[in-house]
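As written, the chain order gives the labels A, B, C and D, with residue 1 at the start of each chain.
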Amino acid sequence: MYGSIFGTIFRFSTWGESHGKAIGAVVDGCPAGVPLCEEDIQKFLDRRKPGQSRFTTQRKEADQVEILSGVFEGKTTGTPISMIVRNTDQRSRDYSEIAGYYRPGHADLNYDIKYGFRDYRGGGRSSGRETIGRVAAGAVASKVLEELGISVTAYTRSIGPIAVSPERFCLEEASRNSLYMPDAAAASEAAEYLNTCMKETDSSGGVVECIINGVPAGIGEPAFEKLDAALAKAMFSIGAVKGFEIGEGMNAALLKGSQNNDAYRMSENGKVVKKTNHSGGITGGLSDGSPVVLRAAFKPTPSIAAPQETVNRDGEDIQISIKGRHDPIIVPRAVVVVESMAAAVILDAMLAGMTSRMDRIRSFYDLP
Amino acid sequence: MYGSIFGTIFRFSTWGESHGKAIGAVVDGCPAGVPLCEEDIQKFLDRRKPGQSRFTTQRKEADQVEILSGVFEGKTTGTPISMIVRNTDQRSRDYSEIAGYYRPGHADLNYDIKYGFRDYRGGGRSSGRETIGRVAAGAVASKVLEELGISVTAYTRSIGPIAVSPERFCLEEASRNSLYMPDAAAASEAAEYLNTCMKETDSSGGVVECIINGVPAGIGEPAFEKLDAALAKAMFSIGAVKGFEIGEGMNAALLKGSQNNDAYRMSENGKVVKKTNHSGGITGGLSDGSPVVLRAAFKPTPSIAAPQETVNRDGEDIQISIKGRHDPIIVPRAVVVVESMAAAVILDAMLAGMTSRMDRIRSFYDLP
Amino acid sequence: MYGSIFGTIFRFSTWGESHGKAIGAVVDGCPAGVPLCEEDIQKFLDRRKPGQSRFTTQRKEADQVEILSGVFEGKTTGTPISMIVRNTDQRSRDYSEIAGYYRPGHADLNYDIKYGFRDYRGGGRSSGRETIGRVAAGAVASKVLEELGISVTAYTRSIGPIAVSPERFCLEEASRNSLYMPDAAAASEAAEYLNTCMKETDSSGGVVECIINGVPAGIGEPAFEKLDAALAKAMFSIGAVKGFEIGEGMNAALLKGSQNNDAYRMSENGKVVKKTNHSGGITGGLSDGSPVVLRAAFKPTPSIAAPQETVNRDGEDIQISIKGRHDPIIVPRAVVVVESMAAAVILDAMLAGMTSRMDRIRSFYDLP
Amino acid sequence: MYGSIFGTIFRFSTWGESHGKAIGAVVDGCPAGVPLCEEDIQKFLDRRKPGQSRFTTQRKEADQVEILSGVFEGKTTGTPISMIVRNTDQRSRDYSEIAGYYRPGHADLNYDIKYGFRDYRGGGRSSGRETIGRVAAGAVASKVLEELGISVTAYTRSIGPIAVSPERFCLEEASRNSLYMPDAAAASEAAEYLNTCMKETDSSGGVVECIINGVPAGIGEPAFEKLDAALAKAMFSIGAVKGFEIGEGMNAALLKGSQNNDAYRMSENGKVVKKTNHSGGITGGLSDGSPVVLRAAFKPTPSIAAPQETVNRDGEDIQISIKGRHDPIIVPRAVVVVESMAAAVILDAMLAGMTSRMDRIRSFYDLP
């Protein structure tokens, strides 16, 4: 395996297992001179922390971050930023059961085939706790973007069949309910739906939406490193994502060109603007100056207490019922993960995009 | 810009503009000993060639490939395989019009911002002809996979609102109609729909689906290099893709865990099999032994003759009507592009996945 | 900056400053199933630890490693291995002096230009303590290689003008003296030479040599990823290296073809062997079955107490005398760094080299 | 195999065999707006072309380059630049002899082990003709650097025991003799030495030196992507290089700190300058504002007519005498190859180095 390193210029490496000693990330390639402190990271980690509502696992983790390097006198130095979160609630229960069979919807079987064995304690590296490293790194990226006047905001768009209504959409509301839905009515309807799922010892899927404002036009690269391609990879690298959309997304397939094209007009202050944003802020793989709009669909939590058919390591058909502290839905805690990965991609593309023009290189290096 | 190189072990570099001298690809990292000839590549290129039906541009291009390196005595040698396709029909028409304004739904404006100027002839590098390099490289990957017993098959799943019916689904049919739809009735309905679009000087979107059989379980890497993440990036790197799905895709968000999980059972010949394939062949980012199933949604062709609002380089609001030889739909010719990119991803992941286990490394190098 | 990540398949990310909280490394891409414990790493770190003799800095650091992830039940799992070493002796002295000027032979000025400011405490990231991360990662690589029957051994070849004599060469001796010289007489002569240097408040350069036994033939890649190119980069990435050689090295320029070519012969047990090893085990960028032999020349420690001319941040010419706990020679402590980087390169190349032949891929995946 | 792609931002892919149809390179990541024409490339290729003197192979190749993409109206567009050189003199002689045995000093045996078979015609991809792709790509890099006021100049420093004298050093002279030596007397002495080698059916090694003027300070990255590390890899990736030095090189090992350190002083126009350049323009892995000075040692041409011992594919000891058109020395034709690789590294590092400071990023994107 290799695969725990993300990005080209702004690159980070994440590590850690659910029941290991700690989890963390190392960010390489962060520009120097960015104000950064542990609180900047902690705010992000707190949003993915378990135990925020009755719809998240009751595992108790402080998820307290420590910055170990890369910051001097309150600013990034350009050297790698190492961040660590100690695991504290590694409940010493018996894992022999889970070790012996393959949970449906999980990668247990695939890991055994790939590596010969696996760290079965709480899912090991394939646990949702793996996202702590992403969120820590993404918090750094978000801080850099914030300094550059770019904002990344994600929220829950739907839970099972309950979607946010465009009419009631209110971004501030998203931070007021524990489901992170920007629509109070939808949030309470969704809470009811989740209650039903939990009673049925079942779980639910959902969709996270993310909007990025302030991205300059021309970010991303043609061909294989398109901005939307990088975002697609980032989102699909989050466990449980099964669908990804930019702008009109899958719906674009149903439209006609006259419906889907965004007309250009001159704004009053002499800038080129788009009248609509069907493109979701990316045209031809490059940012087009409009807000970037993306959506990621998450499958329902695979760990359910309802009885399921599977096989054990001895090759026998068995029936199981998965115990433990599992979220009935992944989406609310995934909101900040989506935001973090999106921030990392946008920043990386902005840094990589600084070399496209001779005139700019010359002025950058103050050359004649 | 950088961004015309794809892959990690099986890597290819593509190049060429719509109205340049030629278009091509260089494949680095192909294993040695694979039988390969120009006909293997040509078969793929012929499927994306213009002029196959009245629904594709009438530009006349032979799109004849020449292999320039990397093959000796009919087999790959392990050295880079360079392939070239000369452009022959570069109609010498006046491009001053298109050079002067920004086409809606295209990246003209973004390119000007990014690079300071652009090769406006036929879209330059952002033309659909860019995919010739991908298809050539993908044909090589497909050939390698074929030798390994793995097949990659794509087809048109829907055109505008007309979708293939599961009941009438017949894979052989896909190669019998010019829309590549595995359902004869849907194909003729779609043809009618496209006729209407063309009469309205409009265009249509659609969906390509791809099924990959024979992928061993355990392919892909955890964290950021998940197999589905790599496929997502590959598909979104194709111009005009706005949505991507694996298995249940966006629909997974509507399901409950008990509906979406795939149960495991022992098969009669003692193998672990899944009873269903909601996962689309990938669980936890690793192939799970079932067929890989993916879908990419393409937006409608942005170049339409219908009048559109835009601005010109002088910053004036204007109205335009785009002339030229444009496909009313991208999807039928994109089928082989999807197939090519999917093949490249699967092969790359298989090669990268050979280093995960100590026991296998030891036996590979014949070490004690 | 980006640049703290090394390797392609066996990749590691290092982090940490001289006077930060800790220093560490994250190894991504280590095969699963390798027995590994902290003692395996500690043995390596102890060899680069300060205070082993009077020729090394008197800074007191335990340099105790903790493995935080990637190992389960005593074996690597294939997931990232995070290792951390806490800094303990960060003497709270006044750094305002060093902060204000540019030390000759150091990168102070370059860092200020590149990043706008720098962490001046003990050299920050450009301190020799940066090598702790390399050594930790290299210890993992060495362990994997050891399991595969490959050994990497470095030692001091020369200190200033005092070189190991081929006649007296005795590898075991290298671990018996604190200068790591495989020649007891040369070691005591070198100790005297260093004493003189120290009396003169001066420092000395030297050469490290490394021999790698057991590398299978055919490792490395043609063109840009030659095995010797990868080793050259690895060695030059160690601070203070100014020259690098494989086999005959710079001397090859003086030889004739008839002197430099290694003749092939059949051995008694039917293997192809080389009669000589002028090539240093690498021909055409690929390992040729003979031991790999490399040398790296280290410049003298730039921090000397002798008076030196330099400028300060206010742009004034000044004279300085650098105080502090500095090694009069880098070489003895660099021996294990060279060994570590060499091990990482060889392992990475072995893993990357598993995809060159179709027949082997087929058998690896058990395909027909 | 993978390994024919070089660089991070300015990346190129090379391809082609000695006796294939053509050889070429694709440059990805070249900034837009650089004036470029075929003549810019041809000038470089002409310097490595065979047949320039009696000391180079008499193979007749026009080595005429054609640019196929990436240039529009005389300027680079930022898209990949594809360049092709057709092979014309592929003498149809019988290669069965060379196919059957392993030439000493060549990689024949290693290739057979790695790939199972090889293209034996003229060395295939391991032929010196592989450098055509490097030179074409390097010519593009040189052109960009020239536009930025940076010059890269290489020449022959020594041939066998005959070295350029510092007293007689005259750079202009290097372009006046076919050995590219900046010292007329040394050049004629070296010509005599080569005549002797040829009479003895033997060959000679030598050293190429390269000086790069105008590199801004702060280029390169700390840790693993040091500027000297990148140069070391680039030089060692050229076939036949066995040693590499920056500044004092191997000699630094013999010096004391007081001898090797470069003192800083303020220049009359208020700039920080170094009084000496023992560092060779790179300190701590970053350019220090002085000229970059590097040397690469080339082994003698391994193909010699003098009798040699080797084995054949049937495992028999044999004696051979290699026929064909071989250079008695690699160095004079390698001069432009060294220059090309150096140019590519410097440009790549300059582009990658544009992201280190927050203030610069902000001003680059015109952000508040």
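Basically, a residue touches a chain if its C-beta (ideal position, glycine included) is under 8 Å from a C-beta of that chain, and two chains touch if they have at least 3 such contacts.
If you want to know which protein each chain is, UniProt gives these names: A, B, C, D = Chorismate synthase.
Because the structure is predicted, anything quoted here is derived from the model rather than measured.
**Student:** With chain centres defined as mean CA positions, report which chain is farthest from subunit D (Chorismate synthase).
**Tutor:** A
**Student:** Have a look at A-C versus A-B and report the one with more C-beta pairs in contact.
**Tutor:** By the number of C-beta pairs in contact, the winner is A-B.
**Student:** For subunit A (Chorismate synthase) versus subunit C (Chorismate synthase), what separation do you get between their C-alpha means, in angstrom?
**Tutor:** From the centre of subunit A (Chorismate synthase) to the centre of subunit C (Chorismate synthase) is 37 Å.
**Student:** Could you grab the centroid distance between subunit A (Chorismate synthase) and subunit D (Chorismate synthase)? Build each centroid from C-alpha atoms only and quote it in angstrom.
**Tutor:** Centre separation, subunit A (Chorismate synthase) to subunit D (Chorismate synthase): 44 Å.
**Student:** Approximately how many whole Å separate the CA-defined centres of subunit A (Chorismate synthase) and subunit B (Chorismate synthase)?
**Tutor:** Comparing mean C-alpha positions, subunit B (Chorismate synthase) is 26 Å from subunit A (Chorismate synthase).
**Student:** Subunit B (Chorismate synthase): which residues touch two or more other chains?
**Tutor:** Each of 1-5, 9, 14, 29, 32-33, 78-79, 114-116, 125, 222, 352, 355-359 in subunit B (Chorismate synthase) touches at least two other chains.
**Student:** Does the chain-touch network form a line, ring, star, complete graph or other?
**Tutor:** Topology of the interface graph: complete, with all chain pairs in contact.
**Student:** Using the touch definition up top, name the residues of subunit C (Chorismate synthase) that touch subunit B (Chorismate synthase) in the complex.
**Tutor:** Within the complex, subunit C (Chorismate synthase) touches subunit B (Chorismate synthase) at residues 9, 29, 31-34, 78-79, 144, 147-149, 216, 222, 350-352, 354-362, 364-368.
**Student:** With touch defined as at the start, can you tell me which subunit A (Chorismate synthase) residues reach subunit B (Chorismate synthase) in the complex?
**Tutor:** So the residues of subunit A (Chorismate synthase) touching subunit B (Chorismate synthase) come out as 1-6, 14, 102, 104-107, 109-111, 113-116, 125-126, 130, 158, 160-161, 197, 200, 202-207, 216-218, 221-226, 228-237, 239, 241-266, 270, 272, 275, 279-280, 283-288, 297-304, 306, 308-311, 315-317, 352-353, 355-359.
**Student:** Going by the contact rule set out above, which residues of subunit B (Chorismate synthase) touch subunit D (Chorismate synthase) in the complex?
**Tutor:** Per the touch definition, subunit B (Chorismate synthase) meets subunit D (Chorismate synthase) at residues 1-5, 8-11, 13-17, 20-24, 26, 28-29, 32-33, 66, 68-70, 72, 75, 77-82, 84, 114-119, 121, 124-125.
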